[in-house]
Structures are given as structure tokens and as C-alpha cells.
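Which chain is which? They are A, B, C and D, in the order written, and residues in each are numbered from 1.
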Amino acid sequence: MQNLLTDIATAAASNPDKGSVATYIPELADIDPKQFGISVALANGDVFCAGDADTPFSIQSVSKVFALALALGHVGDQLWNRVGREPSGLSFDSILLLEREDGIPRNPFINAGALVTTDTYLSGSSPREALAALLRFMRAAADDDSIHINEDVAKSEIATGHRNFSLAHYLASHGNMRNPVDKVLGTYCHQCAVEMSCRQLALAGRFLVDSPAMPTLVSFERRRRINALMMTCGHYDGSGDFAFRVGMPGKSGVGGGILVISPGRAAIAVWSPGLNRYGNSKLGTEAMESFAHSTGWSVFGVPHPG
Amino acid sequence: MQNLLTDIATAAASNPDKGSVATYIPELADIDPKQFGISVALANGDVFCAGDADTPFSIQSVSKVFALALALGHVGDQLWNRVGREPSGLSFDSILLLEREDGIPRNPFINAGALVTTDTYLSGSSPREALAALLRFMRAAADDDSIHINEDVAKSEIATGHRNFSLAHYLASHGNMRNPVDKVLGTYCHQCAVEMSCRQLALAGRFLVDSPAMPTLVSFERRRRINALMMTCGHYDGSGDFAFRVGMPGKSGVGGGILVISPGRAAIAVWSPGLNRYGNSKLGTEAMESFAHSTGWSVFGVPHPG
Amino acid sequence: MQNLLTDIATAAASNPDKGSVATYIPELADIDPKQFGISVALANGDVFCAGDADTPFSIQSVSKVFALALALGHVGDQLWNRVGREPSGLSFDSILLLEREDGIPRNPFINAGALVTTDTYLSGSSPREALAALLRFMRAAADDDSIHINEDVAKSEIATGHRNFSLAHYLASHGNMRNPVDKVLGTYCHQCAVEMSCRQLALAGRFLVDSPAMPTLVSFERRRRINALMMTCGHYDGSGDFAFRVGMPGKSGVGGGILVISPGRAAIAVWSPGLNRYGNSKLGTEAMESFAHSTGWSVFGVPHPG
Amino acid sequence: MQNLLTDIATAAASNPDKGSVATYIPELADIDPKQFGISVALANGDVFCAGDADTPFSIQSVSKVFALALALGHVGDQLWNRVGREPSGLSFDSILLLEREDGIPRNPFINAGALVTTDTYLSGSSPREALAALLRFMRAAADDDSIHINEDVAKSEIATGHRNFSLAHYLASHGNMRNPVDKVLGTYCHQCAVEMSCRQLALAGRFLVDSPAMPTLVSFERRRRINALMMTCGHYDGSGDFAFRVGMPGKSGVGGGILVISPGRAAIAVWSPGLNRYGNSKLGTEAMESFAHSTGWSVFGVPHPG
């Protein structure tokens, strides 16, 4: 495993086409695109790393996985009355289908759906309390209390996030926001601004793996379903492509991170800031394709764990 | 396994809400909605059946899986220049995204994409020859030479299939049809009119399972990818829901059949003519949810084969 | 003319189907739907009235005509770089085409386009100053200093106008807002909350008529063009129907008012709070159809002024 | 008038940017783009011409105006149950709104709506008879029996018109085609292949003018309404722009012809094969803008006929 990760990191370093760093969040626009890290946290507790695996980055939309688990913990399957479970076929911030479908977002991993998720776990508490609960969940999963929110990134997103404000007001106009729009958006932008390294993210991701080495944070049934959503919806309108090439459930963020789950085996975190045309990490996706090919961990292949 | 299937068939028989039989294909409108069959063909060659598992039905869009394998055998990955690999987020016969995306269908499992697939495996031969090759493939997979095409259903679909004619001409207007439209549609309607029983379909589906009990018809890599496409796109705009509830790749047909793959373990065929709102078999979907729950065969759970 | 208006008002009073009062603006939901007024201000200065022609009502989107004139006065044809001149084919608050067309609203008479108009005439001044300029323009046109803004309606719209906030943030996300979103929306909601009676609105509308009885407020060329926009875009996705039935340029508001122009002859204002399915006054539209039939003032008929 | 037309033709000849000739109809792709003709047929019977006003060209979609009059003559206002009266906001051959609106085309001047119109006047007769009736109507209006159909153009359009076949089958799938699709398309393509010179088209267009110099072919009410439809829908998604710049009802064709009506005054035909981005004649549109400016014939200006 260590050799595989080292080879993948070496290949990434020598790849001249690193994609384009997202520029619409000013605080992220200056990131050095040459960085690349990868970590694998096995179910048995072992962790393997290569490249810049200990450099913290903004996990952005990868946070939607943790937020979904938290929201389901609050209201259970009632969440599905307010958000769907289908791929959207459109980009992460599209508002098109919202109009066709009366303000019910397609799934919890596009921005509109994630705003409903945030609105759900926020319910009945202050943004500070809700974010504290989210961090508690992440820290417990990773067994690492140093995971934190980057306030500058959060503020930058609040100041420039007109598209998210547009989506939230649209949801509110359809009665699909319970809390004041500004409060939900403030919480949402802080949630996106959580920072982790690959090592931390892989460790935190084990709550979806069924790992005997850590306490159970969500039930088997719920874990299975979150993994299913990551497979069909985790990469926006590049979800089908990721399933085709990698064959494992994953969730990407515009900061260049991807969390991938191999059920029963491991959580993998990969990070490289340059994005492909779907808004997913370019080198990260290629690294995962190579990783899946070498390990045979695609859920669509033969299920004999190594 | 036999007990499980018998229980599932019994539960289906006593469920009063059997969905609605598709009426837009006249030849299928008169089917008795009370029928239900299920078959499991294990990788080792064993087959288990319950209910009306030996009654032939029109496999309709389930044929798209076999057609895709055949087309990939002809042109390989060049197929992906003409058809995408993403969920469409819309119904099976939608023309909306075609207009947004210059005549490139979203995936090979919606009608527009399947027409491109048919156009591909048809290339360079007559419809009769192409359909003979398709039947040869299906018969070899199922090891059953009695699989055939229902000519009456094919003719009925040709006579009433204005939506498919519309899609095909639309593709042609974008230069994404190589053969004459009428020839492609004739072949396509015959392909959809293949009849199989659950037993036959489960056996035929093993080509996606990695079964040592049968010859390899497609490479491991291609099998894995077809399974991925079935997971993200196999149930139209209900694909996410099927992944969420069942957690295995599957492909449904408007005749009420569903083929489901448990990689390395088994192919499962279920059939009941009544459809849910997405156009997928209602009892069939519920039966597969129950089956997945009992067996733990979701690819998103722990991958220890029974 | 007086007899015609009296007949029309009588017919409206006896029509049992008065449409549905808009409920999404709380302050307007309680209006008595039985009210109906009509006024004709001839080019020569004569005014004829019938029904509740002196009852003030919320002109709502009719204000977009005055706002457009004001914005064109500020920046001239540069406005057309930020907003189109085509019918949208969709409802007044749709966000669909904005996504297809990179944040350029279809025309200045749908909400998104009107927000750009407000942003334009607001530029370089405070909301208070900008609204004062708008009122000055309206009062000068009507020669009536009592025209005012209903603060309660404005506040109600700001508190509940999530759809407009969504549109404005969407425009801002495409760089098509120069002023802060909150400032534009505050101004916009006040602009919509202007109150006039039919008599006042007909008088004010004469600036589009070419009336020798009043000073010229906008050039002939601009007047002609604003009238053209009212014809093709003045009634949202009911614009074609209004042109077909009435044949004169007009602009409707969700408060039930319609301003109609007969070039060279007269400005007509009609008001009845109940709306048809396009969001335009039901009795108002029918009254204008009857008026056009009786007068022969359709611009598509023979152009011999009475 | 003669001097004005000569000046306009001279200006057109010296304009280096003549737009792009439509290439999707092979028979039209070879037309010399330098040609330009204009004719004005006054209500009193006088005709003025300049440029290539006697060169026949393919009127293409301008035929939709005559087809609409013929269809309304057959079924009257029942036509409006099968086709709308609203601008589509999309290009001439879009299929998008058909899907949103259950197979009811937006208006009779986009291709989908014109197919319904053809289906309507075809009803109960052979294509040969129906086309003979259409030619009789055009010849009577122009008082010229030499108007004819170019068979080569018709055949070329049938052979390559996949988009129209797609639209027609789509309509049929919604039950909005009464005749067999092939029959309607054959008739439609012949209708589009009518050839006229500017002189002939201007003369034929007088049936919409209210000209005492010719027999009344359609009632005043119907004429007024057809003019309204030409204003709001006559130039596809460039209709608003044409109304804004020219201010008279008009209908364009992809062959480069435009028929414009000045109610009570004249019919104007202009032709130049190069198209602008909306698919309307570029020089033709500019010539009409100049013509409207010089004559003051905009219906949105002061209605004092010269």
C-alpha cells in the first residue's frame, strides 16, 4: 500500500496538466496547484500517506457528507421530504431543476440540497452551537481535536457567495427553509470552511467504512445509504464519470479534496487543488482511478477484500 | 436462498398496490399485473426461482445492457464520443438535455443513448444480421437457444413509437446517426421486443458477474464499467432511489423486468408488470429492496460474500 | 367615449368571474376583488373615467415602464448591454433563462430585468434620492404631486420577497449588479409600492403617447421603442395573448392595474385586482379587449385615428 | 418612395457584412449573398421596387403566414386548441418548450406550430390538393398565377429535414398530429419551397393590409390578429428586437425574405440571403429599420398615414 501511494504521488507530481484552481472563492484562488496528498485509513486502524498528506486544505463540499450524517441524526428519514436522492445532471450550483421541481433540491450533495441539510441540523440552536456539534462529529470520527474552521475562508465565502444566497432565497420562496436565510448561509459557509489534511480526512471518513477500530457513529443502514448517495451524486454532473472510472463512492470539494469509501476496507482522502471541468480535483480523480485499478477495490468488481 | 425467494414472491402476491402497467405500447397494455417472478443465478451455476419465474416477458430496456456490451465489442471506447456516462436526471424519453448538449445523449440507458448504441452495433450489417448477433450474445450468456424476439411487440412499437422516432431524427439532425433512421428504429424496436423469463434473464445476466461457471463474454474492466453505468443510470430518474434502497447495479425495462448484478456473486432477475412513477417495476423494486436487506449484498455495505 | 367606458364598467361589475387576487404579497391579499376602474387620457388633455377610477391601487410592475424610462435617461442604449429586449416565454419571476443566458435578463419587464433597471437608475445616489427622482418623473407626467409610495406595501414586499432576493443575488453572481443587493431590492420594492388611481396612471402614461397637451419627457424614438417592448414583453408569458386580443402596447402589474398606450391618441389605465393565470388583471384584460374592439384602436388595424 | 427604396438598395449593396447564408438546406447554400431586393405594394395598388426585386427566392417560413390564414379558414379559432399564441423565447426549431407544455407548440410561426398549421389545412385532402389550395390563395393575393413551388428545394428539405421530422413525431407522440407524419412533412416542405420575387411577395402580402385595391381574403378581425402574431412571434427569438428596431409586424424566412405589414398602408417585401444570428435576413432587417425610420410607419409612433 505504501509503495502504491508513493508511486501515485510521484506520478501526480510529474503530471504537467494539474487543472485549474477555483477562483470564485478569493481565499482559495492563491493556493499552489502543485500540491498533492493522499492518505488511506484502513478499517483496522492503519494509516498510509504520501505527498502533502499533512497539509490542511479547505474541505468545502466534502463537508456535505458529515452535514448529511448530522442532519439525518436530527430528523431521520423526514429529511427526504425536503430533499431528493437523485443525481441532478447539472452543475453544483444550478438553479434550473429547483424551478421545475418546486423548490425540492435533487440531492443533499448539490449546493441547494446542502443548504436544506444545514437548515436541518441548525434547527433549534444557534449557528455557533450547530457548528460546534458538526466539529465534534468530525473530531470524534478522526479522533483529532485539532480540526477547525478557517474564519477567513468562511467570511470570504459569505461576502462573495451570491449564488448560494440566490439558491437559499429560492428555497425560502418555496417554503423549504425553516431558519432565516442569513443564519443558514452563515452556518453553511462556515461548514464549507472546515480545514483538514488528507490524513485527518481519511481518518474522519472511516465512519462510513464499518471499521472495528473506531466507535460506530452512524448505523449500518444509514452508512450504506450515504455511500449510495456519494456514488450517484457525489461529483455533481461528473458523478457518472467517477463511478465509471473509479467505481467507489466519493465526495469532492472545490478545494480539491475528495473523500472515497471502500466499504469494509478503508477511507481514502486525496487532495490536489486544480479542478477538472466538473469542478472536481483533476489529479485527485486520476489518482483514484489509478488506485482503484491497482487495488481492484471497485465495488463493481469482484468483492474479495485484499 | 430458496426460502428467501419464496417469501419474497409470497409477499409480492399479497401486496394490493401493484403499480400501473405501461399502456403506451399496445401489445403490453393487456398483461396481467398480478404476475411476479424472481430468479437468482449464482456465480457457481446454481439457479433459484420463485413465482412466475418461467413466464416469458418483454425485456424492453433491459436489452440496453446487452446492446451496450455488443456495441462496445464493435467500437470499444470510441462509443463514448457519441454518448455520455452521466445520469440524465430526467425521464427515459426526454429530449430536453439533447438540445442543451448538441445531440450527445447523457448515457446509453436512456432511449436516446440506446438508439446510438443500436446505431453502433448495427453498423456495416443488415438489421437481420445485427439482431442475430444480439440474440447469439444473449443465448450464449444464458446458455439457452430458445430466447427470441416477439415480432408482434416489435411491430406494435414501430407503429406507435413516435417519441423514439423523434429522438432518432433529433440525433440525426446533429449528425449522431450513422445509419438511416428507419433502419435504426426497426432494429431498436426488435431489440426491445426480446422475450425472456426471469430464469433466462438471470442466467444471461451472469456475463456481468464474473462467474467461473460460464465463459467470459466481456473483459473484467468492461464488466466493471457496465455495472457502474447500471448503478448511476439504470433506472432513469429513479436511479438514485434504486441505489439508495437496493445498493446494487440494475437495469429496468418498461415491461416490468429488472436485471440486478451482485458482482462476483450472482445475477438476479425480477419481474412484475406494474410500474412506479419512474417507469420501473413497483413490486420488482420492492422485492429487490427486501432481497438486498436480507442478503446484505449491497455493494455499499461490507463486502464479505456469503 | 364616456358611454363606452360606462358600459365597460357596468359589464365588469356584472361579470361573476373576477379572477384571483394575488396572495403572495400579504398587504395586497385583502383587496376587495369587486373593484373596477378605467380612465382614458386623450392626447388633447381630455380625461374620461368610469367605475373606481379615483381609488388608489398598488401599481406594482406597471412601475417598470417609468423605471425603464428613467434608467434609459441615465445611461441610454448602454442599458441593453445588461438586459435583453426579447419576450421570455416564461413567468414573471422565472430564473430558468437567466441560467441559460449567463445572467442577462430577457427584457426589462420581467422581475430580473427590472432589477437591472433599478440598479441602473439607482447608480450614484441613495435609494431615497433615486426614489425621489422616480416620483418626480411620475408626478410630472401625471401633473399630480399627490402620487406617493405606500411604505407598508414596500416593507411587506421586502420581508416576503425571497424570489426577488434570489433573482438579485443570481444577477450579482454574474456581475450584473452594480449596487449592493440589499440596496437595489429596497429601492425596487419601494418602486413597486407606488400607488396611483386609474386617473393618475392614465395621465402619467401620456408620456408615451406623443401628447401636445403635455411637455415631452422622453424622445419620440425612445417612446416608440418603449411601446414596442410593452407590446412584446408587457404581460409576461401572456404578452402574445394580449397583443392578439387587444393589439395595443400595455404593461400589467400584479396589483391588477394595466397601462395601455394608443400611440398618438391616448393612454388608458384599467384596474381590477383579480388576476388571470398569467398574473395579469382578468377583468382589466377583458375590458381592454372590449375597448379595442369598440374603438378600433388596435395598432394592427387601419391607422385612421378617430 | 422610389428614391427611398433606391437609397436603401444602394446602401445594402455597399454594406460589406451581409450575414451568413443558411447552409442546412443544401439547395439554398449556394445562393449568392450579394443579392438584395425590396418592394412596397401600397394599399392603393401602386408598387415600388429596387434592387433584385424581380428575382424569385425561396420564401421558406414566410409561407407560414399564408398557411396560417388557410388553416384558420378551415377550422377558425379551434386552431388555438392545438397551438399557442405566445413568443417562444427560443430558436425556430427548438423542442424544449414542447416537452414542458405537453406537445402544444408556442405559436404558429415556429416550426412545431407551423407543422400543426399544415396538419390543419391538409385535413381531409391529399397533399396535392392542399398545396393547390395554398398556391391558389397566394396567387389570388398577388394576382399572379406564375407563383410556384420549387420541387428540388422541397425534395432537398425532405431528405435533410431531420429536425422537422423530430418535431412532427414529437407532436404525434402527444396526439397533436391528425394526419400521418410523412404526409404532413411532405406538404410542409413543399409549402416552404414556394418561390416568389419581392414584387410578388409584397403584392401577396396585401391581404393583411386592408387594401381597397384587392378583394378581401380574410376578415378584418383575423387580419388584425395575424398581424399581432407577426409582431410578437414573426422573427423567432429575434422578434422583440425586430419590434424594437422596426416597429411593424413581419415574418422572416431562412431564405432571406421578410414580409412586413404597415396596416392600412402597404405590404413590404425585402430579401437578402445572408442571415443574422437569429436566422433572419441581416441586410433585410437593417433595410427595414432604415425604411421605418424614414417613413415613420412604426405602429408604435404617431398613426398619421403619409
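One rule holds in what follows: a contact is a pair of C-beta atoms (placed from the backbone, for glycine too) under 8 Å apart; a residue touches a chain by one contact, two chains touch by 3 or more.
From a predicted model like this one, the values you see are computed outputs, not experimental measurements.
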Longest centre-to-centre distance from chain B, chain (CA-based): C
CA centroid of chain A to CA centroid of chain D, Å: 54
Where chain C and chain D are represented by their mean Cα positions, the distance between them in whole Å: 32
Between chain C and chain A, distance of the C-alpha-averaged centres to the nearest whole Å: 47
All chain pairs that touch each other: A-B, A-C, B-D, C-D
Complex contact set, residues of chain D against chain C: 84-90, 97, 106-107, 210, 220, 223-225, 227-229, 231-233, 237-241, 243-244, 247, 249, 263-265, 298-305
Contacting residues of chain B [partner chain D, same complex]: 94-96, 99, 162-163, 165-170, 172-173, 181
